[in-house]
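Each in structure tokens, the structures are laid out below.
Two complexes follow with chain A in common, the first pairing it with chain B and the second with chain C.
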Partner chain A sequence: MNAKFIELFKETLEIEEDIVNTETKFRELEQWDSLAFLSVIAMIDEEYDIVIEGNDFKKLVTVNDLIEEIGKRKA
Partner chain B sequence: MNYNPFILNGKTILVTGASSGIGKSTAIECSKLGAKLIITGRNEQRLKETFELLVGNDHALLLADISEATGIDLLSDNLPQLNGVVHCAGVSKRLPLKFIKEESVSELHKINFIAPLMLTQKLYKKKLLLPESSLVYISSVASSYASIGSIMYMSSKGALNSFVKGLAFEVSTMKIRANAIQPGMILTELSPILSDDDKLKDSELYPLGRYGKPEEVAWAAIYLLSDASKWVTGSILTIDGGLTLR
Partner chain C sequence: MAYLNYTNVGIRGLAAAVPVKVIKNYEYTRYFPAEDVKQVVDKIGIIERRFTDDKTCSSDLCYAAAEKLLSDLSVPRDEIDLLIFVSQTPDYRMPATSILLQERLKLGHQTIAFDINLGCSGFIYGMSVIYAMMERSGLRRALLLDGETRSKVYSPKDRKTAFIFGDAGVAALIERDDSFGQSFFSMNSDGSKENLIKMDAGGYRNMSSLETLKEKVVDEHGNIRSDEHGYMNGGDVFNFVIKEIPSDIKNIMQYAGADNTAIDYFVFHQANDFINTYLAKKLKLDLSKVPSTIAKFGNTSSVSIPLTIVSELQGKLESRKLLLSGFGVGMTWASAVINTGNMFISDLVEI
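Showing the complex of A and B:
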């Protein structure tokens, strides 16, 4: 799940360099903006059929938080 | 002194999307001005909550999914003749260009644009719209004011605005009026994708300093339903706290 998610995440933000891992604080990425935010929400919706609403998304900080949130909701 | 050109006494008004947000507030405010309401939506419990809040008697409640032809039939088969309709049912989904699928566009346009069109056609063909009746459609400033991820929603509201103008022209021979209201952001259940913090920040972009309230749209609908607007048709009324001024 981790490797696949990181690939999807990088693709979504159009990141080519190897700069994303589970500890990455995604809001600190140079590519992070409101389009990136909506794109990550849309990607998670498309791939995992999960919609993370704004108030919940706000609490997530690292890529691992995203992965855990998906895991929690899929369980 | 009971002079009030905005009174709705004796008028029968259908409100779609009455189980939440703008539609709920519109139904309640119309009832306070004397209208007889027929409210519709899909969620029975929330629709009943609205029903309980209506002032006066003789109101009716009808459950229907108006994105389906069967829902429109079911609704129109049970309606009396109307003096006015406020179309508030609508949905929003934000998807950046790359994520848009034909299916998601169709689904969103179906409820935001095709449903009001087909329902209007049905009411018209079944002669449920009395002469001089008033049709009000809740559009959005998003019809032409861009934000990220709003392509599907914007295009559905743009289509709705054009529809209202075409419709106003066609039904004018019957002295029926059709107008749209395009609000800026109103605090309802519509947009859960933004967090409360983001909404607060965004609301500071409004010259009047805040988002709108559902009743601030309802009062505009009341103007358009009432005899005060008898010479108003085909207009698109912007209610946005000044957002689109610049």
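Showing the complex of A and C:
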């Protein structure tokens, strides 16, 4: 799932360079802004049918945190 | 679960009026750098909007739409027994604007007239109230007028709202006819989210004063507004939308016994392109069935659903089934499945 998620994540933020991995702190990306935040929430809902609400999302720091959160909720 | 259904009541005709003044968003750079503006406009997909001048109210837009509709359909004024005006930008705090419109439109004194104060879900609420009253035997015809001048509500110096809203007014003639068949409504409210979209002052909780009219910097981004400007927390609104709206739409379609293929057009409140693209993907909709006026009229609150029908579906509405869904300030949200019968659409009026 990691590779697929990273691909979706990059597509959502329109990142073409190979700069995202599981350890990436996504808020530090140049492309991160309030609309990127909404786009990622929407992407996770569309792809995985999971809604991570704003307050829960605030606690997540790395790409791996996102992946784990999705895994936890899917379980 | 507030679901309702009605039989053989529907919209016989619909007209819309927009101001002639076009605001081009890419050039709306008085308070923000062009580069920042481009970034926002690209994302929200709102290229143009319409703004009234200082003197024009929601009621004036509705009046123009109503005159057009009544004359196109040659409706005798004394046959209108009910008039509802939906708006959050009325002429006065009192009396209700619907009463002023009764007089301006030269309707008889037998007319039932009152206002409904709701935002983006308002047109659907208004339809439901009128359908319920029209199902009884006493009333001949009804007018639903819905207008907004949101250009006067938000601060042009607050980037969270400066590029989104526009002005428009519509008039719908509602009648009884066998061709309308059954219609289905779902209506909801959640006052715990009152702070997501709000104007803090100017009502009776925090009355208008010199203090409430003062512009001030309100956040770390340097956005400026007064307490009598509206504000919106777009991120939380989006969270609200993804939590509530797809399920409400699925529920009303189930209640109506209609699946995606049975619906000819899905007309959503035009909040911004981002939200509507999300909804279409989430509900797996064919985009050719999702008309949009976001690019040319922006977000006109409760008017956006009927305005989109007038602007995009003229000549395409014979015996069609529509899904309508509106959501916003309150928070409040409503969805409906309706049949168009042979709904007449007037040409768009510009004033």
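Note that the second predicted complex is superposed on the first by the 75 of 75 C-alpha atoms of A that agree within 3 Å, B and C clash if a C-alpha of one lies under 4 Å from a C-alpha of the other, contacts with A are read in each partner's own complex, and residues count from 1 in each chain.
The rule is simple: a contact is a pair of C-beta atoms (placed from the backbone, for glycine too) under 8 Å apart; a residue touches a chain by one contact, two chains touch by 3 or more.
Since this is a predicted model, take the numbers as computed values, not measurements.
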Figure out whether A:8 sits in contact with chain B (first) or chain C (second), or with both, or with neither. neither
Going by the contact rule set out at the top, does A:34 touch chain B (first), chain C (second), both, or neither? both
With the two complexes superposed on chain A, say which partner A:42 touches: chain B (first), chain C (second), both, or neither. both
With the two structures laid over each other on chain A, which partner does A:70 touch: chain B (first), chain C (second), both, or neither? neither
Partner chain in contact with A:50 - chain B first, chain C second, else both or neither: neither
First (chain B), second (chain C), both or neither: which does A:58 touch? first
Which positions of chain A sit in both the chain B and the chain C interface? 34-35, 38-39, 41-42, 46, 53-54
Could you pull out which chain A residues touch chain B in their complex? 34-35, 38-39, 41-43, 46, 53-55, 57-58
Any idea which chain C residues touch chain A in the complex? 43, 234-236, 238-239, 242-243, 274, 278, 281-282
Where on chain B is chain A touching in the complex? 94-96, 98-99, 148-149, 192-199
In the complex, go through chain A and note every residue touching chain C. 34-35, 37-39, 41-42, 45-46, 51, 53-54
